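Right after this note come the structures.
Same chain, two partners: chain A is paired with chain B first, then with chain C.
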Partner chain A sequence: MSTNYGWAGKILRVNLTTGSVTTEDTAKYQDYIGGMGLAYKIMYDEVPLTTKAYDEANKIIFGVGPLTASGVPCSGRMNVTTLSAWTKGYSILDGHMGGHIAHNFKYAGYDALVIEGKAAGHVYIKIDDDKVTIESAEHTWGMGTFDTNRIMIEENGSDFDVVSIGQAGENLVNYSCMLTSSCDSAGAGTAAVLGSKNVKSVVVRGTGNVKIANPAEFKELCDYMLRELIGGNNNHNVPAVPQSWAEYSAPSGNNRWAGAPGRVWGLAEGGPIDMGEQPYDDINKIAYRCMKGQFDFGDIAQKYMVKVGGCSSCPVRCYAEYEMAPLAEYELPTRVSNTCMPIIYNTTWYPEGVKDFVDEGDASIIINGAGERALDNFGVWENYGNLLREFNWCYKHGVFERVLPKEEFDAVPWDLMKEGNPKWMWWIIEQIATKKGEISHLGDGTYLLAERWNLGQEFWDDNYMQTISYNGYPRHHGSEDVYQVGVLYSIMYNRDCMIHHMINIVGSGCPYEVYKKTLEDEFGEGCVDMPKKYTPMNRSKARLAKWAFIGKQWHDSATVCNWMWPMTQSPAKSRNYKGDHDLDAKFMSAVTGDKWTRADVDLASERISNMLRVMTAISFNINEGSTNLREDHDTICNWVFDKEPEFKAFEEGTVKLDRADMELAKDMFYEEMGWDVKTGIPTRATLERVGLGYMADDLAARGLLPA
Partner chain B sequence: MLFGRRKPGFVTEEENPELVSEYNEDRMIAKQQAEAEEKPDLMEYLESLPEVEDPYAEAMAAAAAMPQPEKKEKTKAELLADFIRERSAGAMLTAYAALAAEEEALEALLQEMRETESCADIVSIKGDKDVYYYSNANMSDNYARIAMLVEEKNLPKTIAEMVRFSCKTYPSPTPLDYFTLHPYFYTMPQIKRAVEQFEKHEEYADMATVVTGNNITYLYSKDILSEKYAKALAEGAEYGEYGYRR
Partner chain C sequence: MNGVEKMSEKMSEQIEEKISKALDTEMTRRQFMKISGKGLMGLTVSASLLSLFGCTQQQIDNGEVATWAMPQGLLVVNAAKCVGCQRCEINCTLVNDGVASTYISRVKVQRNITLNGEHGLYGNKDWVYFPDTCRQCKDPACGNACPQGAIYANDNGIRVVDQEKCIGCGACVQACPWHMPTVNPETHKSSKCIACGACVQGCPAGALSIIPWDEVTAAAQEVHK
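And now, the complex of A and B:
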């Protein structure tokens, strides 16, 4: 590895107990790339998996990689690794955030920030290039993320970036997230680990740069990617609405390339801006493609959209920014923005329905605007919708009457909920963030909540809940999109999988026969099924699942955006709509100056994937007494097999899976991964092949290594 | 600031007056304005720089003095192709009838265009009412078909043809309101009236509808998709990450 190119070359360690600030060479972690991989190695070496998430001995690691901030399009991703406080097995997990902080961090000269120990008082960490200090945060402790971030910028300067926790993180709420930039967040409870260390914020200014080994080659690759490969948000490669240059468009009129003639940012500065057509090779119009508000809410979004925002190095701009005047009447913030669950799911807080505000059909967008600001302000994470579904489910099943003390139940402002008042969300989210009352245990997380409130098997197996695994997290584009493949990678992590490899393809609006050819050329016949018409498991699907699973680890280590990468499809007819899976390796070669191939990228990705697996096996052994991940970790909730009773498995029109077929899917997937079929634990041969022989020794010493 | 000035009442925390006075936004703006005023005017600064010798002046003069290749005047056929290309780039077809109104010897001109190699991108599509020309370098074939159907204003035929195309190609049923979008821009009453025609004409006997759980009507062709499959696909399109999109 040439740490002079791509990598910043240094890892920053801040020990809050001793107050020491040190750096070390990144080179010793070269095999683990960066971000997730680098953090896994540090965690494995330094944090015994007997450690609890909020113990002083736990560490939290912010990581970027060799491609971060290099100028590679869509490389504004930062990975945050720590131990889980809320999922079965309490193993390792990651949060991820975009925005601009990853770039500033890299420019400051670091590949990772390792936060250790616990501060005596409330602090923030200030990184100003090589000057790193621990500062008092007593004046922001107790504040929401927006106020905290504002004050941090005002105090330190507008060329700093900042990430802060809200009240949820301070109060060690398992469902917590940290916020940076407009509304980019790393969730999965990582904010509470920062809170347990008394860290409110991290502010960063970097005035350096990322050195590129072959600038000319790098520039050519960037141009090639922008002109031939990149599409809309989630790399959807055909527009939602017919455009004159495009052969295809989404037949439902809806995908994440939603910009179209006649669709406007209604509140743009200087007057409405029409998105017009965006020919795929016109790189100056890429930002007009996404128009995420249109995808989320339909035409009403145009009335409130100001513009679109996004992360550093990304031309796609997937964050719709709104000015929602109706919220002013409720004395709530009117300027809102987000791109994912915090802004598309908040009507779930209203089990009895929502009501329109000004125009017919505007209830969803306005409620979501208010909910987004509440969730992000308090730094509450929603576990890809599980928090809201848990509230809704408990309300509809009479759980609150059973578990809340009568006095508390009577004091809940149910009338706000019933009248569709957006202040309802601010109330309940604040309860959760500040751990007020029994109702705040909604923030404990699915696994612990089910136990505390004795929600029973019915709760886990309800199709409405969408909880994919009995470990306590939901599907994230699972069986509903890619059947066995989607379930396989949805159950591999210690949180929702966050894998978008396949939804980017099957949800793109591109004709099935077109993307089928692209995928079958690489993974074999029968690897991808028609929409709502799936076939029994086969070896090609196992290869496809492996590609998606290990590829996610690459994205979090390199780092690049998992919503946009990999470049599987292209909007160019001249390429037969086929993308370029070698592009990661090409960029690695240009940036680092070392020769990288697709095989090199895959090997590194497999290495990191096996680290995840080994650490999960050890945690499950320590915390659950398990010696078998297949039986104890890779569980699948019954709704996956029992939904849609009017259909039989494999019947045209259903996504209901078959139990025996899914067991076969696990067999084949484990074989592809080189894992023991009986236990789902990596074999010595596999671990040695990917350079993790020391982990095989560890598993053997614990009696976990497959025979 | 990313989200504008803070409005009072957003948060319930008590403000720290010392903090606010020390770090308020007005102070920031004033500081930035003061910094801006200190900056010199760019043009003044550039003019103040000393004159330097242009190292490329000689090379530029030599290049200008070089004999330029003679520009070949375009033929009438090539000019026609340019005209069609420009319209295609603007998402417009060029109708034969419109050209014929302008050009008496149109057939000969079109023949010449067909025989000119540089005009190979100019192709045509035949509708019921006319023939339409476009550049397939600037307009996709499928869009040309849509544009032709829209141009001919036979709404039942347009809708039926596109519904069949989507059933066969993607495969997918098509929501009624799809035809309110670019480049159709039909109104819902127009669409509903066209759909009513389906029952009255044998040529549309394969057209059928399904309604999703959120009450959105989708059209499909019974010859291509079964009702159960069409319903499942329509539900899949309407149901987003975790709920109906609308």
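And now, the complex of A and C:
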């Protein structure tokens, strides 16, 4: 293999302590693909896991991969790796961001940016192709991300892109994220690591290109994917409501292919634009499929949508872009956009409820618009909703009366919250971002907050909280969607899992019998259960869980979007709605000129997955004294088994799991992964098989290698 | 309100003839000359043409729609439909350069996304971003400025850069009022739009479309039946 095609070929290192800027060849990291895998290798080699997240010795690595910005649809993702400051074990984790910056970064000529050391003053890193400089950011320090990003572009030029931290990152708030102004964000506290190094922004322009070994074949593959395989957002492969060309639509009438005739971007410049029908093979209509606002808020979204946005290279535009006039009355920004938690979950800040603004039923959309701008302005990350649930839970359980000094409690503008005023969110999010008062410890993260405020077992085991493991993060499509399988991959990381492989399928609206056949053909009988009618653990489910788990690492290393990939399903009846799991390998072959097979992709994915596992084992050993990941890392909060008390496990209608069955699930999953069943730690045979013999030696030296 | 308004009134004679032939039943050639290569703002367009262009009179009144005359038809750009995905740029460079890039693309979106005038995601944080490309000027500033005489009209009347003659001096980039030609930093050769249509073929929003001349003619004639 060579890095002449696909890969940019260079890794950029910026040492803020010494001011040195150097590059090195990517070739020696090629086994680790890019993005996450490449970053894990660098972290493993260079940052001892005894290091703390905010130590000068920690590093933070921005990474893209051989498919990023190559033209592969949905390849606009950038991975950001560093050490956790907020989860049990304080091990390695990643934030992930889309938008346009990954393309700029790749075209500037780099596969990764390794930021080392700590700057003496506040700085930003300017990457203008091969001209890389460390510039003063004293004039933007203290600002929100939107002002900072605007100033960076005004100063550097309109063909640059930029990602910045807000006040939360500056103040080392664990719940922090970095943002572009299209509101793409890498979360999980990665912004605070940048803040600890005094880095406000990374500004980048790339005038170069990604070399494609077989451009004609590659373009054909792109068109094949767009004509036959791609669906709506989350790759939902049938439209939400009937369209004349479509055999099926979602039984619920709602999925992430929400565009339909009569549904409009109501505030489009020059008048409403109708989504029309989007026949699956019409490339020129794909952008009208998603209409995420409609999915999130129903018809009211049409009133405020201007258009849609998303990442470079992706035709499925999952960001609804709004102009929300009612917010002007509160002197809040009216232009809001996002696609996930920051724009769908903000009513949780109002435990007493919310009130409508102009139209009946518009409370949610307007509150979410205001909350999005607040969270993204201050660069506050919400741990897939846990931040908001933690606030809500503490409010309802009288925790604030107990933990806040009386003077502080009395000064909280509770009236704003009770009257449903959107300014309430701006107030509380600013407290968190600027670490003002005891209440700001909401930004510490679930694990540390539970300890500081002595929230007790009740907090961890409350079904409302959705915290999946005692490490301090929630399920991200867990048992509620795919039962044992969803829980297995939700507990594998050091943050929420961000795996959408299965929700993309079971949430697609495609008939169960159809996707069941697609999956069973590959993973075996019984791999996927009927909704609300799940069965005991079996070997097919373990194979399915492994596929999703290692596939996520592929996506964050290649890089392609896990909300769209893999191409499991298809909207084409002529294909029996079956996608193409060989497509990643086909793209790798066309881009790099080397022959890639599905097995090659899977082996690389397993390699990176085992790196995550080994580094997690080492961190848990160092920081928790653990020699057993099964017992100490792969924990499952009790609500998963105790919810819905009116049901027994396996009864039709419930998603509550069974403890013994879930232990069997772990057994089978570890076996599929080649991990020791007792400890959940990779065996030497497995590590050697995936080319990580040196990690087996390391585990052995630490007394962690399974016998 | 955006960059598609300010465009040349000049274009190659071959294309003039095609437009003239297509539209002489609906409006004078002079009238269409005014709208070709610039925003349609200020013009009332017939219902059949609106339908063909996939736009509304209101979008035209707002300055969202512009047309470019091309050999294979009329290129219609509707900025209100642009979703900023840059597949036009990617397809342009895949087809013409065998690489993926935005900077050397002959259709330009990247430079309008973050900031274009007051607009863009990083300016007023509004949702104004759009594709922009060569106006195919009749009296081309790029060609006139080229010290090598490397920019010439091909058989279809499209101005192309002779890669043999080009010395990559960038005079064409500077001379073009919209800086549409781009010197490839790797090859040190300039390139500009050759009206290949790859951008249109891959636009997932139909923000870019090419209406064949016979359809334009038919729609124009329909008005007068």
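Assume the second predicted complex is superposed on the first by the 706 of 707 C-alpha atoms of A that agree within 3 Å, B and C clash if a C-alpha of one lies under 4 Å from a C-alpha of the other, contacts with A are read in each partner's own complex, and residues count from 1 in each chain.
Heads up, the rule we're going with is that contacts are C-beta pairs under 8 Å (C-beta built on N, C-alpha and C of every residue); 3 or more make two chains touch, one makes a residue touch a chain.
Nothing here was measured: the structure is a model prediction, and the numbers come from that model.
Touch criterion met: A:N254 reaches chain B, while chain C stays clear of it. In the superposition on chain A, contact of A:S312 is made with chain C only, not with chain B. Look at A:G680: by the touch rule set out above, it reaches neither chain B nor chain C. Using the contact criterion defined above for the overlaid structures, shared-chain residue A:E277 touches chain B, although it does not reach chain C. In the superposition on chain A, contact is made by A:Y288 with chain C only, not with chain B.
Once chain A of one complex is fitted onto chain A of the other, the partner contacts of A:K533 are limited to chain B, with no touch recorded for chain C. Contacts of A:A246 after superposition: chain B is touched, whereas chain C is not reached. With both structures placed on the common chain, the touch criterion links A:G232 to neither chain B nor chain C.
With both structures placed on the common chain, the touch criterion links A:D159 to chain C but leaves chain B unconnected. Under the contact criterion defined above, the residues of chain A that touch both chain B in one complex and chain C in the other are 146, 150, 153-154, 158, 181-182, 333, 335, 337. By the touch criterion stated above, chain C contacts chain A in their complex at residues 1, 55-56, 58-62, 64-65, 79-87, 90-91, 93-95, 97-104, 110-116, 120-128, 185-186, 201-206, 209. Residue ranges of chain A in contact with chain C, taken from their complex: 69-71, 73, 100, 103-104, 107, 129, 146, 149-150, 152-154, 158-162, 181-182, 206-212, 215, 218-219, 222-223, 226, 268-271, 273, 283-288, 306-317, 321, 323, 333, 335, 337.
Residues 1-4, 6-7, 9-13, 16, 19, 23-25, 28, 88-91, 138-143, 146-147, 166, 169-175, 177-178, 181-183, 185, 226, 228-229, 231-233, 236-238, 240-243, 245-246 of chain B are the ones that touch chain A when the two sit in their complex. Residues of chain A that touch chain B in their complex: 139, 142-144, 146-147, 150-151, 153-155, 158, 181-182, 241-248, 251-254, 260-262, 277, 296-298, 328, 331-335, 337, 341, 344-345, 347-348, 361, 364, 377, 385, 389, 430, 466, 480, 509, 511-513, 530-533, 573, 652-654.
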